[in-house]
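Inspection log for the structure reproduced underneath, given as structure tokens.
We call the chains A, B, C and D, going by the order they appear; numbering starts again at 1 in every chain.
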Amino acid sequence: MGLKVNLSVKVAGIVMRNPVIVAAGTFGYGEEYESFLNLNQLGAMVTKGITLQPRKGNPPPRIVETDCGLLNSIGLENVGLEVFIKEKLPFLQRFATPIIVNICGEKEEEYVQISERLDEVEAVSGLEVNVSCPNVEKGGMAFGREAGAVRRLVSKVRKATKLPLIVKLSPNVTDITAIAHAAEDGGADAVSLINTLLGMAIDIERRKPGLANITGGLSGPAIKPVALRMVWEVASVVELPVIGMGGIMTPEDAVQFLLAGATAVAVGTANFVNPRAALEIAQGIEEYLVKNKIPDVNRLREYGVKWKKQN
Amino acid sequence: MGLKVNLSVKVAGIVMRNPVIVAAGTFGYGEEYESFLNLNQLGAMVTKGITLQPRKGNPPPRIVETDCGLLNSIGLENVGLEVFIKEKLPFLQRFATPIIVNICGEKEEEYVQISERLDEVEAVSGLEVNVSCPNVEKGGMAFGREAGAVRRLVSKVRKATKLPLIVKLSPNVTDITAIAHAAEDGGADAVSLINTLLGMAIDIERRKPGLANITGGLSGPAIKPVALRMVWEVASVVELPVIGMGGIMTPEDAVQFLLAGATAVAVGTANFVNPRAALEIAQGIEEYLVKNKIPDVNRLREYGVKWKKQN
Amino acid sequence: MKKSAKALKPKLRTVKLSELVLMWQGKVRILVNEEVGPSCFRMALEAPQVASEARAGQFLHVRVAAGYSPLLRRPFSVHRISGKLKVESLKLQNIEILYEVVGKGTKTLAEKQVGEELDILGPLGNGFNLPGGLETAILIAGGIGVAPLLALAEEIVQSSKPKVQSRKVDVIIGAKTKKLVLCEEGFKELGCQVRVATEDGSVGYSGTAVDLFKESLSTFNFGVPTEWVASTVYACGPEIMLKKIAEMTYERDIPAQLSLEGRLGCGVGACLGCAIKVKNSKGKGEGDFSYKRICKDGPVFEANEVVWD
Amino acid sequence: MKKSAKALKPKLRTVKLSELVLMWQGKVRILVNEEVGPSCFRMALEAPQVASEARAGQFLHVRVAAGYSPLLRRPFSVHRISGKLKVESLKLQNIEILYEVVGKGTKTLAEKQVGEELDILGPLGNGFNLPGGLETAILIAGGIGVAPLLALAEEIVQSSKPKVQSRKVDVIIGAKTKKLVLCEEGFKELGCQVRVATEDGSVGYSGTAVDLFKESLSTFNFGVPTEWVASTVYACGPEIMLKKIAEMTYERDIPAQLSLEGRLGCGVGACLGCAIKVKNSKGKGEGDFSYKRICKDGPVFEANEVVWD
């Protein structure tokens, strides 16, 4: 590998040794994957979505496989904020990798409380504000799907913490750039996208939905084209750095997102298939840069913003 | 096959011998597939989208394969209304299968003109109003993505023709039920969904978009879970019959849509993989009914409407 | 009967064995992939890293195809650990799975050739527990459910050799029909007492494994109350069978461990996709439950902790 | 030279042959699948329904895998039609394709075993045209572009046997390096005159097929103006090569037919996904073009109708 290339990126003020993050909800609290890889080599770790109180989650079946995809309706099962801080964070803290906590609430006030509390916790490098979780004040999903609600929430959280704020956008919207602008206006430091696409599967033998909760979130390679399009749309119009995700399985997939305008990428479903996916993707990005004589990964995102649609 | 089952359905007043339709833009003008199957055995045929004037379409590359999916940006290349009537319709007319013309315009007025003209043409059984094509009056895509615009357009077309009106919905919206309601209010006789999901692919060797037009429409098995969810959502709230489509490749896929609440289904991308797909799917639905002792295909849609989400 | 048994019932799960062992991911070579019954295959893998760590009840998470069809791994129980050499220090070489073709993934698996490589993750999950005083193990298998139970029989027989008093292994194999009775010989070679039940009566007892178990309870010497103390039921099979066994053993206060199935995502406890309802230990009411993960907290569960829907 | 040639140039495309033949879809057996060069494979299929109808320049649309990986079919030119029996009434038996492994689909194809079945659609598209007065055919192949040209050489040789005056076939095979020169023997066996060009000069002329063609124009007897009348260039290869040949033949007013590639969807003319820009016959200006379909209106096009970007 002749050329020495730079892989390090900075997102929302968080410096990462490489642009590959593990996505919320797909890497547990980190400990589950410790046997398989050196967690120090990840760009950053995002935790499972944390709520103020512990949540049981939805009844099973919670997952169904689809063609090139995975539907899940976990229902934000998590240990709750305090247990997370006391029992899960100490493990994560042992690594040099930035820890980003994915937070979710049923009301605006909950997001604010969680943010205030985590503001005091040194181990935390940043917050990912999940504005696409079910059961939130403004009528469930509609919350992260309406620009005004996103702007208001983000600005409240902004006041509650000095931590870097990444707002995670829902793809189930007519115009994702409007939501991204709202997050920007509210004071976000970065946006991450996409969360899962709302989907459904049906068991034709039992003539019932495949998931107990009927609908769920679609992730995996199936959604990559949609994710890539949204990342490109958002990166083309907002000033904020973008964390791109959705169906990234290989280094080539990740490079597509970086070219589309993402500063970093997150790997989700791929972790289930290959626990070492994130590391192998980071390595593959490096090889791509070397092969194409591109000295810095930060150069890749200069491509997408130049593409303009004719009609 | 002991049991004799009924496969015939009625959508928007159009009687079909079976519930399997070939989707707009994926079956050309019918003639391309004549060597491979007996067109008389299809539930209905929907033509390529027709505009008032002929359209050249977009520059190539116009298609890219993705994981379990296909991105296209054909750009509505078509022969134009008059040539269609004179040169394409006579061929289609030779078959007993209902012919549904997919229509598209750049302005409301165009839809109206096309509808008025086709109203006089005997061979046409119905119109599928494509409200998700690019380059239309109200700022491109936003057209079929905004309930008010859909309602207005449909009611204008409604006045222009007595033909059955099927409104084809775009899935690139926050709430597809709102658009479906708008189509209903405007006077539609049925809705069909989903059209393609907006997506994108990037060629990392050339560092350029995979499609000349940058973004395109995603179809194929990848989108099936999203399509199924939207069909279920819409069928649960509107009175109109629903034509379900998106990623149907097998009889099992089709049965999923029928259980979700669709009265009929349309097969698109599958035609490219297997020209006989629509016929084999119709046969497979029949076998499913026989095996499960369900005497009438119209019973299947009674299942989905009963499922209610808890939260 | 209920009282005395309860008092003496050995405590399960004092040591969580899987937490002490390392998990491994990598490619291993297929040594055998043969049809052993209608749609049932036995596959042997050269996997010393896993074989030497694996315990009965644990599973391998297998990537059946390199592409995305299917996307997720597929879980299969450790069926047999073989290739053991008589020299103490040498590790076990091979690990076997026994699987039934039911869908895309298992179909793809069945098409694999000897010599090809397979990407596996394992050993995962918690194995069966062998309580210290165990004297009689009653293994009840329904259909392909024999898979983990043969490994268990091996483990019990091996563990009882040196100093411990010899343990008795009673096996009930239930299947739809004669051709689907798997592993009868395997158990017999280990010295287990084997009873067979077929639903169509084509061989052995005519009825299900549960029916035979129920009858055995009274007619055979399972039924003597004092013996329960050192007896444990281990079962694997269709959910309906496990549910019935859970009810029967609960009523009679017999300790029972079940190997459960369910849809897995990650297999390592990270995605929370494989939830199963369990009673809260502290809880009393019907509604007081929580979710456990089949992959990480199981797949072996105590029969009386599971909440059946 | 320009004027006289133009006047006498035979009219192409008076009969659209593909519209007269039937297309067929079904499963056929793989008879041969052998590596004939680095990453290049020859596959023979038992497909009498297609073999008896197919013409040089047409293609088969092949489903390389039963699942969705890849989702779409892959197009391959008719490379050879074989198994012909000397009895007039018997049909041709086998059809061959020659392919290079460049991605997922061709990799999957290369892994197929003899005896397996393959789902094909064909013959599709328009074949090459052999104008009535054709005397010399100049075939120029770049890399895997030899695939359709061997079928063409066969067709020319066969068609010239009975009454027609014998036709001359001059072949230029261009490749990166010696090992990638394909089908040299095949053409020679048909009695063609073959010249080879390699970019690294490892065999034959040192340079590209286009370079060699250019030189041939002046040094060999291609160049005599009157001969052009009955000569046609047929070329297949990378786009850049075809573009250069189009320019050279246009300047010299040599009729040329190119077999083009592009991304196909349906392969039968229905999806409009395979658009290629062509000059409008009536049109004059640069901007006056329309789109044709590679799969249905091609894949063989007249060199001077194509608009190159």
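Descriptive notes on the structure:
Note that a residue touches a chain if its C-beta (ideal position, glycine included) is under 8 Å from a C-beta of that chain, and two chains touch if they have at least 3 such contacts.
In this text the structure is predicted, and so the values were computed from the model without any measurement.
Steps from subunit C to subunit D, minimised over paths through touching chains, total 1. With centres computed as the average of Cα coordinates, no chain lies farther from subunit D than C.
We define each chain's centre as the mean of its Cα atoms; on that basis subunit A and subunit D are separated by 49 Å.
A straight line joining the Cα centres of subunit B and subunit D is 37 Å long. Averaging Cα coordinates per chain places subunit A and subunit B 33 Å apart. Shown for subunit C are the residues that touch two or more other chains, namely 68-69. Across the assembly, subunit B contributes residues 67-69, 221 that each touch 2 or more other chains.
If you check the complex, the residues on subunit B that touch subunit A are 66-69, 71, 134-135, 140, 142, 145-146, 172-175, 197-202, 204, 207-209, 213-215, 218, 221-226, 228-229, 232, 247, 252, 255-256, 259-260, 288, 303-304, 307, 309-311. Those residues of subunit A whose C-beta lies close enough to touch subunit C in the complex are 25-28, 32-33, 35-36, 48, 56-65, 67-70, 72, 74, 77, 220-221, 249, 269, 271-276. Here subunit D touches subunit C in the complex through residues 67-69, 104, going by the rule given at the top.
Residue ranges of subunit D in contact with subunit B, taken from their complex: 22-25, 63, 68-73, 119, 121, 262-263, 265-277, 290-291, 296, 309.
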